[in-house]
Structure formats: C-alpha cells, structure tokens
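Below you'll find the structures, each written out as structure tokens.
In the two complexes below, chain A is the common chain; its partner is chain B in one and chain C in the other.
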Partner chain A sequence: MTNEISDHTGQGGAATGRGRAPVLSVRDLHVRYRTDDGDVPAVNGVSFDLAARETYAIVGESGCGKSTVALSLLALVPVSAGEVSLGGRNLASMRRSELRRVRGREIAMIFQEPMTSLNPVLTLGHQLVETIRLHQPLDRGAARRRAIEMLERVGISDPARRIGQYPHELSGGMRQRVMIAMALSCNPRILVADEPTTALDVTVQAQILALLDDLRAEFGTGIVLITHDIGVVAEMADRIGVMYAGRLVEEAAAADLFSDPRHPYTRGLLASVPRVDLAPRDGPLVALPGSPPTPGRLPQGCAFRTRCAQAMDVCAKPPPELRGADRMVRCWLHV
Partner chain B sequence: MSDATSDTPLLRVAGLSQRFAVSRDIFGRPSQWLEAVDRVDLELAAGETLGIVGESGCGKSTLARTILHLHRPSAGKVIFDGVDLGSAGPARLRQMRRRMQIVMQDPYSALNPRRTIGSSIADGVTGGDRRAKVRALLEKVGLSAGDAGRYPNEFSGGQRQRICIARALGPDPDLLIADEAVSALDVSVQAQILNLLAGLRRDFGLSFLFISHNLAVVRAFCDRVAVMYLGRIVETGPTEAVFQDPRHPYTRALISAVPIPQPGRRRERRRLLAGDVPSPLDPPSGCRFRTRCPHADEGCARTAPVLERLGDARQVACLRLGTLERGPVWAAPVSQAEARPC
Partner chain C sequence: MLKYTLRRLLQLVPVLLILSVLVFSLLHMVPGNPIDVLMGEGHSDPVVEAALRERYGLDRPLPVQYWTWLTNILSGDFGTSMYSREPILKLILERFPNTLLLALASAVVALAISLPAGIIAALYQNRLPDFGAMAVALAGISIPNFWFGILLVLLFSQYLGWLPSMGYVSPAEDFWTAMKHLILPAVTLGTAMAANLTRLIRAEMIEQLSQDYVRTARAKGLGERVIVGVHVLKNAMIPTVTIIGIQFGGLLEGAVLTEVIFAWPGIGRLAVDAVYERDYPLIQGVVLVAAIVYVAVNLIVDISYRYLDPRVKLD
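Up next, the complex of A and B:
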C-alpha cells in the first residue's frame, strides 16, 4: 500500500526535501492576541520546514490557529516568540522597507475570499501592473505585457480585455485566478494559500487546485496550504501538519499520515470525514465528541485530552514533541 | 389523512417554478426575470431522505423555500400529505407548515441572541407542559435540560445547530428540510450532527429534504438524490445508483471533482469542467449544461432535455444519454478496509 502511494505522490514520501535546505523555516512560533479576556495564545510553539517545490499543508478545524500561522509567515501579525526565516534570514530582524521587498517578491499570499483581497475600484490591470512594478524594474508597457502573460497562464481567457475589467465583473473562480496571477507575478519562492478554494464550488475548486499544482511544478514555488478540507489536503500535500489548539500535534509525509495516523486527534479527524467514493458503512459515522476548544480556555496539558477516548492521567502534563523517522507526533501514547 | 395510502408520497412537487423579477421598466413591469427553479418534479415518501445537490446558484435553496411557500411559486404545485398548499387558505397553510420545518446553514444568525434558547424552542411547542417538552427536546438533541435558561452565545456552533434542530422538532414535524445544515460545522462536529439527524429519522420516522453542496455527506446520509443545475433537475435516483454509475455528464463531472481523502488516489479523477456556472439571468438555450459539457452538439442548443426514466428508478435529462460513458467515475473501486486504515 505504501509503495503504491509513493508512486502517485511523486515528490512525496522520501523525497520531501529533508536533505535540501528549506526555503522557509519556522521555529517555535508563538502568537498571542490581546482580547477582552486577556492574552490569548493563538499559536503556541509551531515549528516546520518547507522545501522548494514542496506543498506543506496545515490542516485543522476552526480556531486552531492555522490562519494565524499563515499571517505570521508574512509578518502580518506580531510574533511574540520564535522565528520565521526565509532563505536563512529572520523576518523579525527585517526593517519595514526590507519586509515590503520580501512580501510579494519572495513570499506571497492568497486568501479565501478573493473579492475582499482585490481593490473594487481599480481595474485588474492597474492592480497587477502595480504589483509587478513594485518588485521588478519594468516600465509600464513591459509590466502590462507581463500581467497579460500571467493572466493567460492562470487560465483567464481574453486577458487583454479582462485586464481592463473591475473585480466585480468576474466570477469567484476568476477572481481567485487573478489573485494567483498577482501572487505569482514576481515569481516568489513561497506561496501561502489560506483556504484558497473554500469559497468556491467544487468543479471550480478542482480547476484551481490543478492550476496551483501546475504552477508549483513550473515555477518551483513552495506552497504552504492552509485548509480544513481533508480531501484537498490529500489531493495537494507532500507533507502535512495537523494543528489542534495552537499546536502541531502530528506531522508526516501525506501518504504516511493517511495510512498510519498516530495522534488520536488525527485518527478521529480522518475517520470522521465521509467518503464520496465509497458506499457508506452501516451504523453511525465516526465522530469525535465535543467541540474544538476556545483559545484562551484550553485544558491543561494536552489540549485534546478532554475529547480523547484514550486519555490517561499523564495527559494532564503537556506531551513532548517526538520526532523520528521523518515524522512527529505530540502524544503521551507514543512516548 | 384518511385517504392517504402507504404509497401516497408525503410530499409531491409538480412542475414547480420560481422566478424573480430582477429589474423593471419605468411602468414597474418586470423587464428581466431570474428563473431560479424551473419546472421541478419530485416526490418524497414518509420516512425517506432525498438529497438535493448542486453548486451555488443552482436553485436548491430557492426550491426549499418555495416548497415551504415562503415564496409563492410562479407555477406548479406543492402537495403535502394530500393538501395542495397553493390552494390552501392562510390558516390551513400555517397548520401544514408546522409539519414541515427547516434547519438552516448558519446557527449563529438563526437564533435570537437576546432570548434564552428555552424560550426560542418553546415558540413552536404546543399543548400540555411546554416547559417539560422543551427540556425533553434539549435532551433529545444531546444537550441538557438545564441549558434552557442559557443564551445562544454560550454555545459552540455545533451546539447551536443542535438548538436549531430542537426548535424545528418542537411542532412534531413530519418533514425536516435541512438547508446546508452541516456545512458551516467543523468536520468532527459535522459527523455528530449527521448522527443526531439519522437517529431522529430512525426514532420518529421523519422525512428529510437534505440540501447540500457536499456530495460525500449526501452519499452518507440520503436514500435518494437529485442533482440540480441552473434551476433544473438533471438527474435523480437512488443514491448508490447515482454515485456508482452517474449518467448525466454534469453528475459525472461534479462527483469526480470532489477531492478524495486518500493521497494514493489523487489525479486519477480529473474530468475537469471548463469555466464557471453561467449566470442564471442569462441561461444557455436548450440544455443549460451544454456550454460546459464535453459531449454537447448542435442539438443540445435547440432542445431542452426532459427527465427520462431509466430502468433503475433513475431519471436523467440528457439528449445524448445513449452515447455517453458510464460506470464509476473512479478508476478502481477500493474496499472500505483498504481505504480506512483507522
């Protein structure tokens, strides 16, 4: 089974880039939000690496902190501790002007709702040309040609006409294509995609996922994919980090995580996804009890223990992060 | 109803259409129509669950609202337990509507934040000891009787959806319409709510109209399924027949576009549809799917296909049906054991 899977994954399995220097490296990242209830830890010690051409997926449910991780990769939220480094340089040590150069040029981001990410009163061309000229020494005409080329590359028909249109004239799928064109127009090494297809219909989602995968192969972009959709993760990811209550609780190559999930949360999460390709089994669906905890009101020790069928006394203490054989799991069961 | 026999459906929808005027000329006459639902026929037996699937804008939510007569239909009939809702008087309509309840997608906006959940649920409860019944309903949906005095903001999304379900059960309905009722929930919570609904179906013999864009959930939950595209049903039949052997090109494309949560199976699908769903303001002539259909020919632009019966209780609306591929959209069937290691 495992052999069969690694054939399909291509870049997955052993060739996950462990040997190569990572293009993005996150170490012990902490982000706290100040709220009326006091300081709330949204991200609580997250570490991972992304290799060139790799898709690293962070999967988790609402409130687990996955979008905060995404924002911190572009220094769009204040990081309270830990390090995000791009090609060996720490984001936190960069000046404002340097950060502006890095964002878009080296690391770009696309969001769930492309309507709110595009300026509604400017044409697509205006926004694309502006982005390109911010980072590349091109004159207006050359930047426009580059913009048209990128729109064409992301599958927008008649790009020379489209470039004069406003965001509201496009469908949701088209807008997301424009966002991808804009994000990739300066050929960044890293693309952060936060729920890029969640607002789209399933047939359009399939187009956008295929496009992202093609562009990754063509431009060698590493992708950090943030999603709650287990199907999308299986489709796209080389490596997967499962996030729960601000922490990565398990990390493995995609094929390994699906064939041998170890953390009880991962196991419950994967088992509770209904399958479109299989006839349903008799009896109820596998469901985890309870709901994901609210950040700021986390249980002591392992945050999952209140929902975990295998919880033990020792789970009241925070479980250690166990790394080995290219996987990580944070659970007392595997100590 | 005294004249109802066992094979009279609980709900029968015949030729139901719903169009909205989206613009008017200077005399106030409608000058442009949006046909949200176009001549839909369907039947639902007592205790049966019918899934309605389709992408955004296909008219599935408008269909639900029109069945409830929240909008008066532009044409066609809704017959619930032998009563034609269109010709029923206001009092009769209210009485029938109590027996058909709806649970919507967003449990945050469906509850009044300034009322206790007990008083929200009590609205629909009639007769006897209402307080006791509210408590019983709360326990039935997996909350505790003591929660009746609490406010919606004290509950999580999944718990709020349980509250909405309890409220819908208040008037002892025969039909529950679930309009994307689990779509806003996290996947671990989604399974809990689906199990709750399945339990209610078993214990009370409830019928469900289950509207969802999530095909995996529909396959897990529904007896029959109807696939909608731009206001029309393009295929309907027993759930397993449709998923194992989808016949309409749209059904095939839709099912094969769903990512499978198993990395080894990626890229075996890829029956990618080009483009987006056309605007319902200006639907294509003839078959509405033809602009995205890989099999369309000139005939599809001229003639609108109607649903035709196939052998296996299935109906499909496609002019080119005889010439199309069939069978599962996935290359190799995988056993449950192989697919689910945990």
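Up next, the complex of A and C:
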C-alpha cells in the first residue's frame, strides 16, 4: 500500500524515507469551506506521512489551514478531495458508521481550548467512561477503573475523587490532561493535537508537551502536532511540515529544518522567534512583513511571493511541487 | 443547599411584605367601594353604611386596617368572601388543585410538542423542517389563545363530538371522563406555551451544537443521537427550564381566559368571579396567593438549577 502511494503521485511527501510504513498517509488533501462569498479553499493539496511513534508537526501562521488539516484527519470537516488513509482505508470516503468506529479508537484528537472542549454539565468520569465503553467491550466498573488508571497516568492526583468532578473544577492544564487521557484511553495509533498548549501557561505548556512525548513512547502513538509556535515544535517533533496559504511549502526532519531552513517563509518564521540558544550575533528579531493572504484570493504563482524578500519573476509561475524524500521545499530558489 | 434554601426563603420575606402592601392598597385605589356593593344599587342609608363600615373595620385608619389584615393572613385567616360568606382560604384551596391539574397537563402538552419540534428545527436549521416548525410556532404566538380554544371547541366538540366543550369532572370521581374534560383546555394552554418554548429550545440547541465539546464528542466517535440527546440537550435545557418555570408559575395563577371559556373551576375563574362581584377580600386573597405561588415556583426553579448545572454554586 505504501509503495502504491509513493508511486501514484508527484505531489511530493510520498515516501517517508525512513524505512517505516506510515500509519497515516495524507495525499493531496483539499478542503473547501462554503461561505456566502462562494467556496473558499482552506487546504490546497497537502500530502504527508506519519510513521508509528513519530511526531509530525505542522507549523504555520493563523489562517494557513493547519487546523483544517487537523480536523480533516478525523473527517470532522468535509474533505473536498484527496485521501486520508489509515492502514489502507480512506477516511475521507468512509460512511458515518465506519467513521464512528475509527474516531476515538484508531485516531484521536485533542484541541486548543481545554476550557471548552469538555462538556461542562457531565462529570469527567461520565465523559471518560463513555469513550472507553464506546470502543471497548468493558462493563461500567471495568471502564471506570480504566478511566481512573488513565487519569493517574496523565498526572492527575487523586483520580478516584476527580472522576466525580466537573470540568469547571479543574484548571486549564488539568483539563488538557483529561482530554489527553480521554484521547489515549482506547489506545489509538494516532493522536492529532491541534495547538494543545496554546491556551495554557508557559510552565504548564512544557509539562503537557513532556507528557505527550512520554505517552508517545509508552503507547507507541504517532502524533500529528499542529502549532503556530515553532518553539513547541523544536521540543518534540521528528519531522516538520511548514504550511503557508493552504499548502506545505517545506518539509524536513526537525534538526535539518532548524539548522538549514530553505524556504524563505521558513527562514522568516525562524527569524521571528526569540531563541535562547541563538547568540545575539544572529541579529535582532525580524518580523515577517505583511500578513498571510486571504484564502480564495491568493497571489498567482507562489502564494508567498508578495511577502518574500527574494521574490523573482519566475515566482509568478506555480512553484515546483514538493519532491524528494527527506528534504522537500516548494520554492523556485531550490530547483 | 439547605443553607441556600433558607437564605432564599428569608429573602422572600421583604418581597412578600411589599407585595402584601401592594395587594392591600390596590383595592383602595381602584374605583368602587365595597360598602356600595353590600348596600346594593341605588340604596343609601348613612346609619347602615356606618354600621357596615364599623363591622368590616373600614372606619379605621388604613395602616391599622393593613396590620389587622396582615396578621390575620399570617394566622391563616384570609377573611370571608363578601359574596358567598365562605372563608376565602377554603375557596382558594378548593380551586387550586384544579388549576394545578390544568397547569401540569398544559406543561406536558407544551413539552411534548416543543422538545421534538425545537430539536428537529435546530438539527435542520434553515431547511424545510426548520421553516415548518418556526412557521407553526410563529402562528402559535400570534394567534390569541382564547380564540384558538374556541376553534378547538368548534372542531372537537361541536363538529366531531369527540370531547366535551366545557366543564370539570374530578379525576377521583371518574378518571376517563375527567381526562376528556381536561384535553381541550390543556391543549389550548399547552400549545400557546409550546410556541415560545419551541423557539427557545431551537435557539439553545443551535447555540450548543456549535460548542467545542460537541466537536470533542464527535472526535471520540459518539453517534449523533447520543451527542444531541445527552450532551447537547442537557446544556440546552438549563436556560429552558427557567422559562418553563416562569410560564408554569403563570399557569398556576390561573389561566383566566381559558378557565372562563372552558368553565374550568380554577383560581383564574375564581378571580374573575370575585372581580364581577366586587368581592374585595376574595380578590385580595386570590392575588396574594397567586403571587406567593409565583415566587415559590421561581425559588424551586432556582434550586433545581443546582441539579442541571453543576457550575451553579448555591452558597
């Protein structure tokens, strides 16, 4: 299946190049939102692979379509075209009943807003047990024990008492831990984490990231991490895809991307992030000029060229597709 | 919980006191005079009039009258009806169960209509089922209640002959006949209540369906039925219960027009009769009891919040 996939497209991102079969394979994903002004493309042909136990990070500014990619991985938004294939089955074309068996059991998700992502009027226990019993043949008592075990595992103290509490009785960080416990309670192969730490305090952010990393090792879960914070990515990503205006513009192993960013947009992103490990000789922080283009009104050719300091005439033509295995960049500077 | 209830009950004391002043003074501000009523039309005899004034305490200063009235009420003595000479409390207690029965039946009708209609309208927002439900709800709000009641009587009693057009039979006496008498007034009141509730439930459901926790529930693999029926509905019912409580409180005060149309011997009709007879003490009694019931229902609604919404702290 993997081979077929890597053959069937020149869209890039085809092979993982790391000799492991992907657990999740996204091919030429398109998502359009219907608005009053007509269809607006949010995602325009994204492809990538996630290997088991790997963390694949998608980085980009607000509005670049990264959260839409995350949602489409569970078919929580309608996929207009392309494939999200999970062990050879295409999620994008599944019936609702099939989809329900996959969601939560094989691919789970945590969200940006732990404050609102849990149901405020149901106990944590109810919400956990409900998830566990949905996918596993456990009776109420066993599911409850499993829920307590999961809460304990994600670092919630006194879980047997907490299980009877409501979300508002917990802090944001604690709620995100509960979300993680819920997501991993059925031992999914893939966890999609959409800005999981954005709404949290900095110290809590680090704890949550460390927890996710531990759990990935322990449960063997592959993680798709969506973030606008390249600092978060540095901590735990194996591979990074940089997204701009609904497309991946660069993909590389995390270390390579940081040491040798190629796309001008990636360089801009890195330059605009304060980093303790870079000496002041690297100069002051540079903000990217301008703001991302509105979906549906992208510039001709390379969508970044209006903000790019190195833009050339050729940039008015569509940039080359992502090609190769380990280092991929969609830019006329690197042909 | 108990502390909260006690505190709320204490807070009711000033409310009810103010209410009693209003009820008391209301009748001294409206035109008409009970003595004239007692004397009868066109008669005037100063001696009898003075005697009557003295007998009913009307010759004393207003604050004294008020105090006497209030202390009597507190000891359970609402006075006697000027018309029937019966104790007012007895009259009210006789009628109240009938009004309660009608209110409960109307609420059942209202929920039986508005819950499914509101949920379906929300799930099919801006599509045919939604437009249908909203058109019916709008009609329900616009059509005067008493007129709809008359139409129901015309159709089901006069034309089809399925149901009695008016009257009351005690359920203890003959349950099925009692139910038959209950249906038309309950549907009349219930549909009016349902119209508002449907719109409210629809709006709440739509609001809740866009919340983050719904997305979480979908991501977990829950089916739409559980998401809508458990997760969303429980949240949507919180504000809805308030409105149901307020409307139910209103029904308990007696649905005047409906009770008159269907000759239903409830509090509403008692009040109307009392007004016709200028039975001042009875009017005061009915209004005061209605107000107390309304305040009590609101208290019960507030307390029930604790069970619906865990975020509400009652201390």
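Operating definition for what follows: the second predicted complex is superposed on the first by the 307 of 335 C-alpha atoms of A that agree within 3 Å, B and C clash if a C-alpha of one lies under 4 Å from a C-alpha of the other, contacts with A are read in each partner's own complex, and residues count from 1 in each chain.
Everything below uses one rule, namely that contacts are C-beta pairs under 8 Å (C-beta built on N, C-alpha and C of every residue); 3 or more make two chains touch, one makes a residue touch a chain.
Keep in mind that this is a model prediction, so the values were computed, not measured.
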{"item": "Contacts of A:Ser171 with chain B and chain C, given as first, second, both or neither", "value": "first"}
{"item": "Which of chain B and chain C A:Pro292 touches, first, second, both or neither", "value": "first"}
{"item": "More chain A residues in contact - chain B or chain C", "value": "B"}
{"item": "Partner chain in contact with A:Val335 - chain B first, chain C second, else both or neither", "value": "neither"}
{"item": "Partner chain in contact with A:Ala325 - chain B first, chain C second, else both or neither", "value": "neither"}
{"item": "Touching partner for A:Ser117 - first (chain B), second (chain C), both, neither", "value": "second"}
{"item": "Chain B versus chain C as contact partner of A:Met109, first or second or both or neither", "value": "second"}
{"item": "Touching partner for A:Leu74 - first (chain B), second (chain C), both, neither", "value": "second"}
{"item": "Chain B and chain C footprints on chain A, overlapping residues", "value": "none"}
{"item": "Contact footprint of chain A on chain B as seen in their complex", "value": "55-56, 156-159, 186-192, 194-195, 198-199, 213-217, 219-221, 240, 243-244, 253-255, 257-267, 269-270, 272-274, 276-277, 330, 334, 336, 338-342"}
{"item": "Complex interface listing, chain A residues touching chain B", "value": "1, 4-5, 8-9, 12, 61-62, 171-174, 201-207, 209-210, 228-237, 254-255, 258-261, 267-281, 284-289, 291-292"}
{"item": "Complex contacts: residues of chain C adjacent to chain A", "value": "211-213, 215-223, 226, 230-231, 234-235, 238, 308-311"}
{"item": "Residues of chain A that touch chain C when the two form their complex", "value": "74, 76, 99-105, 108-109, 111, 113, 116-123, 130-131, 134-135, 166, 168, 179, 182"}
